[in-house]
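Here the structure is laid out as structure tokens; the discussion comes afterwards.
Labels run A, B, C and D following the written order; every chain starts at residue 1.
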Amino acid sequence: MKRIAVFTSGGDSPGMNAAIRAVVRTATYHGIEVYGIMRGYSGMIKGEFVRLDSASVSNTVQKGGTILKSARSQKFMTKEGRQQAFDQLVNNGIEGLVAIGGNGTFTGAMIFEEEFGIPTVGAPGTIDNDLYGTDYTIGYDTAVNTALECIDKIRDTADSHDRCFFVEVMGRDSGYIAIPCAIGGGAEIVMIPETQMSVDVVIDTLQTGWQRSKTSFIVIVAEGEEEGNATNTAARVKEAIPQLDTRVTVIGHIQRGGSPTAADRLLGSQIGIAAVEGLMNGMRNVMAGIVDKKLVYTPFTDTINKKKLINQSFMRMVEILSV
Amino acid sequence: MKRIAVFTSGGDSPGMNAAIRAVVRTATYHGIEVYGIMRGYSGMIKGEFVRLDSASVSNTVQKGGTILKSARSQKFMTKEGRQQAFDQLVNNGIEGLVAIGGNGTFTGAMIFEEEFGIPTVGAPGTIDNDLYGTDYTIGYDTAVNTALECIDKIRDTADSHDRCFFVEVMGRDSGYIAIPCAIGGGAEIVMIPETQMSVDVVIDTLQTGWQRSKTSFIVIVAEGEEEGNATNTAARVKEAIPQLDTRVTVIGHIQRGGSPTAADRLLGSQIGIAAVEGLMNGMRNVMAGIVDKKLVYTPFTDTINKKKLINQSFMRMVEILSV
Amino acid sequence: MKRIAVFTSGGDSPGMNAAIRAVVRTATYHGIEVYGIMRGYSGMIKGEFVRLDSASVSNTVQKGGTILKSARSQKFMTKEGRQQAFDQLVNNGIEGLVAIGGNGTFTGAMIFEEEFGIPTVGAPGTIDNDLYGTDYTIGYDTAVNTALECIDKIRDTADSHDRCFFVEVMGRDSGYIAIPCAIGGGAEIVMIPETQMSVDVVIDTLQTGWQRSKTSFIVIVAEGEEEGNATNTAARVKEAIPQLDTRVTVIGHIQRGGSPTAADRLLGSQIGIAAVEGLMNGMRNVMAGIVDKKLVYTPFTDTINKKKLINQSFMRMVEILSV
Amino acid sequence: MKRIAVFTSGGDSPGMNAAIRAVVRTATYHGIEVYGIMRGYSGMIKGEFVRLDSASVSNTVQKGGTILKSARSQKFMTKEGRQQAFDQLVNNGIEGLVAIGGNGTFTGAMIFEEEFGIPTVGAPGTIDNDLYGTDYTIGYDTAVNTALECIDKIRDTADSHDRCFFVEVMGRDSGYIAIPCAIGGGAEIVMIPETQMSVDVVIDTLQTGWQRSKTSFIVIVAEGEEEGNATNTAARVKEAIPQLDTRVTVIGHIQRGGSPTAADRLLGSQIGIAAVEGLMNGMRNVMAGIVDKKLVYTPFTDTINKKKLINQSFMRMVEILSV
């Protein structure tokens, strides 16, 4: 393998730059040339290729976002688009790809490989942590810490005013972000997609707390929670317990940005190295991940079809700790 | 003066604890006893008094929120409520008050003084910075820095995805928070109550930028902006420029909390000292503030009736810097 | 078991309060009374016991340090001291202990148990991460992130001035803190006790970089590194490469403090719960830890005698990434 | 004026990039071309000029350090060096300079103007805040907040272990950084060059506190304090009060880096604009500053010869607040 390319695709996440840097330097270390593809599959089709060397990624490991930018591409979902992408890769002499993203990204890479034979090794870059094949995804730890810092600030004002805050954190399909935010943020209740807690249970819990003369509360709501988001839940709670002074905060995109934590820089670096060395060893259609401290390569078919279940013991922890 | 009391009222703000600590230690330094009144006027009526000494305020200067808690009191707006408050103060031997809050707080104090003769010196505690009689209010600097840190994170993701973010910051009646966020956050546009910029101007500016191949934008919207909040503005912009990938983030109550900045700890300390020494010197119905580095006491009638205008040159700065 | 006590001992670490809170609330949840012992074994001897209930630990999960304080006790190393400690526990009806600390703490607990039969379950509270029986110790993740934030700031000025900084991080016997700081901080070299890299190698590496027209460098030095600390190393490098503009920063005790990260709050909580439930299940002389996401109890004899080796692949990572 | 250049010189400080950005965009706004000179006077002599346009400074306002780098130049202190610098400027068509730095920088600019007539307007870029002609220098607010965050972390561990920490902050000739760190950090004592407090007074104060059963202390020492730095002071205190558990932390270069605070971004922006518009209005040998919220231009002779005295009332504040 003489020349490879790296790109980021799907939602950006902190630590992607650490992964890009590791890809570039590992390739350089092994005498392989590296190109960056701007804006994911969209840039691959348009031929937005940039030669990257060791110096190109200096002073990037601490940066949020992705220096290669990200975008969604409708065109890559068509055979014609993929043909153009393939032509661009061939014209630029690219023999292998490192794709940093999530399952949407990997699905595209897998179809592409079947059609055109270009091998891809994936790196799990998403704040959601809902990818099978790795304990943590790149960006997850930072997103949780960012959300938690916001919750710490909210607790200051919740406590000063004896209020009940409903804080919505990211996580469309899972409570991975919500759970540590609830445990680490001293929340009374956490509502996550996995458990489908009814608003009635929330109301009961708050009412019990109120009667025990607890005066301020924090309820963490994952954005994908079944019964409705933070705003709806807060409205229904307010109706049921009018004396409660309720407020809503949606943390939103703040969770996507910021300088990556040590854990995300380390993970991004480990996986970036592993992705390049995986390609060198002839791997394709696999995602590099860390499971139980060990490097593992998981077939895209597994990352896409298998579900990484949230540790059920965490729900019990929230219950015990809000006693 | 043998014994005074201190309380916080209205919205909490970072640095209130620095002010409380300064009040307690200054009084102690001068041989005056201090009580803390919990939950503002509400606690004054109910007699929620706590004896504070030097040790009570150890390790509080760095804390967000207010250790004395805050609340709004309907009852203090009645003569009967104020009579009860007065009785409580008399029973506890309180001869003077330090009120940390905003104009609502000071209005109450002024009426109370007219009726019952208890002198109050005020301290400007609000994140909004819209109080006449001081260059900065306690909490303002922290709120701006908190909002700015959020905007920095948003810029990471805005830039990675070529998006246009509408970020709503606090400031119901003024652009004091929005302006430094726009200048320091590298925003293209800032919408504040003072200028009533129309959404059409926003659309024009974004369209011009887009044509100059600028791909990511940040628009700061003060929550009190005339034409509608961030969500409405974003919707109208999206309608006018459909190719723009718009997103909205409302920073909200996160801005109220957090450990105070150095400036807010210093200001809270200066004003806390000044408030006590003002009371000792026979002052009443005045707010202690810092104007042009000098300590000034401004009559409540002025802080309530006069308006501190935002520096118009800042609007020009935003225009120049987003060139 | 009707009543237990919890204490912190040895160097403090961020997340100890999360563990204390979890101990208190778990005991409360199971109907067991909890006492806090101030200042570790020293307070145990003196009888500094405080009744803790659920409210005692409200709003502590985000705090650095330990609300129970820590101290070293010479007296507990004597039989007489331990007898006094035992008497205090008996007088207070304490039937089991949760000891948050490191191997010094556990050694004391083990001797104490042999002599007096009071069972102890340990929780790994130290920033050093050098305890066998858990992947991470409570406080480690925060210390690494704190050091990394310092290094990020140093890189700003190193880069602006084309300087070579030697940054000393904590880790008397191991490179656990130094390694992720080097990888995540974009350092060129890392000197840790495990590898005994000679200063000559450091000089060679810097000289090679200098010749490749690299102008700013960061060298991470673990405080226990064999050849001498950052200051000595810097002096020897300066002698060998006089044109290099060298500077030294010792991060020091800053690494011990600060609000714990999400990971440390979560870990402290998990282990605090496990410690109490371990005691309830009749365990003694074991440390609760998390290994490969699973809760494990490791005998004190193992935590004390076995060594948790640093992942050798990390050294290779530093080499590849500084290409 | 058709073309100007901007450079940074002396120690770097956070907010310099905000000033550079403002210079570039203001010039662009007024139709003036801008060049950046790398590495201050050194780069001016060598001709390290870079054309800067609006896009060159995108996404820099939040970055620490200086994108133009800084260096000290022996050669510029010679007539020959300055002749070369002048030739480079003439060859590049530069008609005016914005110099971001301190008095060393301005002295060079003044001599240069006398000899060669190239006008310079200065911008006060230094963390030390010891420049006459501006209330605050660019970088000061960030440095204070960085130091204060470190002190907050140190207080966590000081308090947990009942220790006395001597924390050395920057400020070779003044206590500008030390004072707000002491007030905002809850320090018991502050040693600054201006007051020449003897170590005996430090010992007395600590002994008095100790007898009042105070157990943890923080002493802030400005690096330029007369009696010796933190390490020496700590040693002498330990000798006098052996029961005190003393520790030393030197915050050092960490204070120079980091993302600038809102205040520094705003100040850098204001002054960057003012510098360009000053040049356009024919000014030379003046520094732009903000005094009492108003823009002022102060002759270099004044910034160099006059001393900005520290507010004496701050020393009294430390005394009162540590009661």
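Here are some notes:
Throughout what follows, a residue touches a chain if its C-beta (ideal position, glycine included) is under 8 Å from a C-beta of that chain, and two chains touch if they have at least 3 such contacts.
Not measured: the values here are computed from a predicted model.
Think of each touching pair as a link: the shortest run of links from chain A to chain D has 2 of them.
Centroids built from CA atoms put chain B at 35 Å from chain A.
One inter-chain figure worth recording: chain B and chain C are separated by 39 Å, centre to centre, where each centre is the mean of the chain's CA atoms. Look at where the CA atoms of chain B average out and do the same for chain D: the two points lie 28 Å apart.
Residue positions of chain D with contacts to 2 or more other chains are 152, 155, 159.
Under the stated contact rule, the graph of chain-to-chain touches is a ring, a single cycle where every chain has exactly two partners. Every pair of chains meeting the contact definition is listed here: A-B, A-C, B-D, C-D. The touching residues of chain A, when paired with chain B in their complex, are 8, 11-12, 14, 39, 63-66, 69-71, 146, 150, 152-157, 159-162, 165, 247-258. By the touch rule above, chain B contacts chain D in their complex via residues 18, 21-22, 25-26, 28-29, 54, 58-59, 61-62, 135, 141, 144-145, 148, 152, 155, 159, 180-181, 183-186, 259-263, 265-266, 269-270, 273, 292-293, 311, 317, 320-323.
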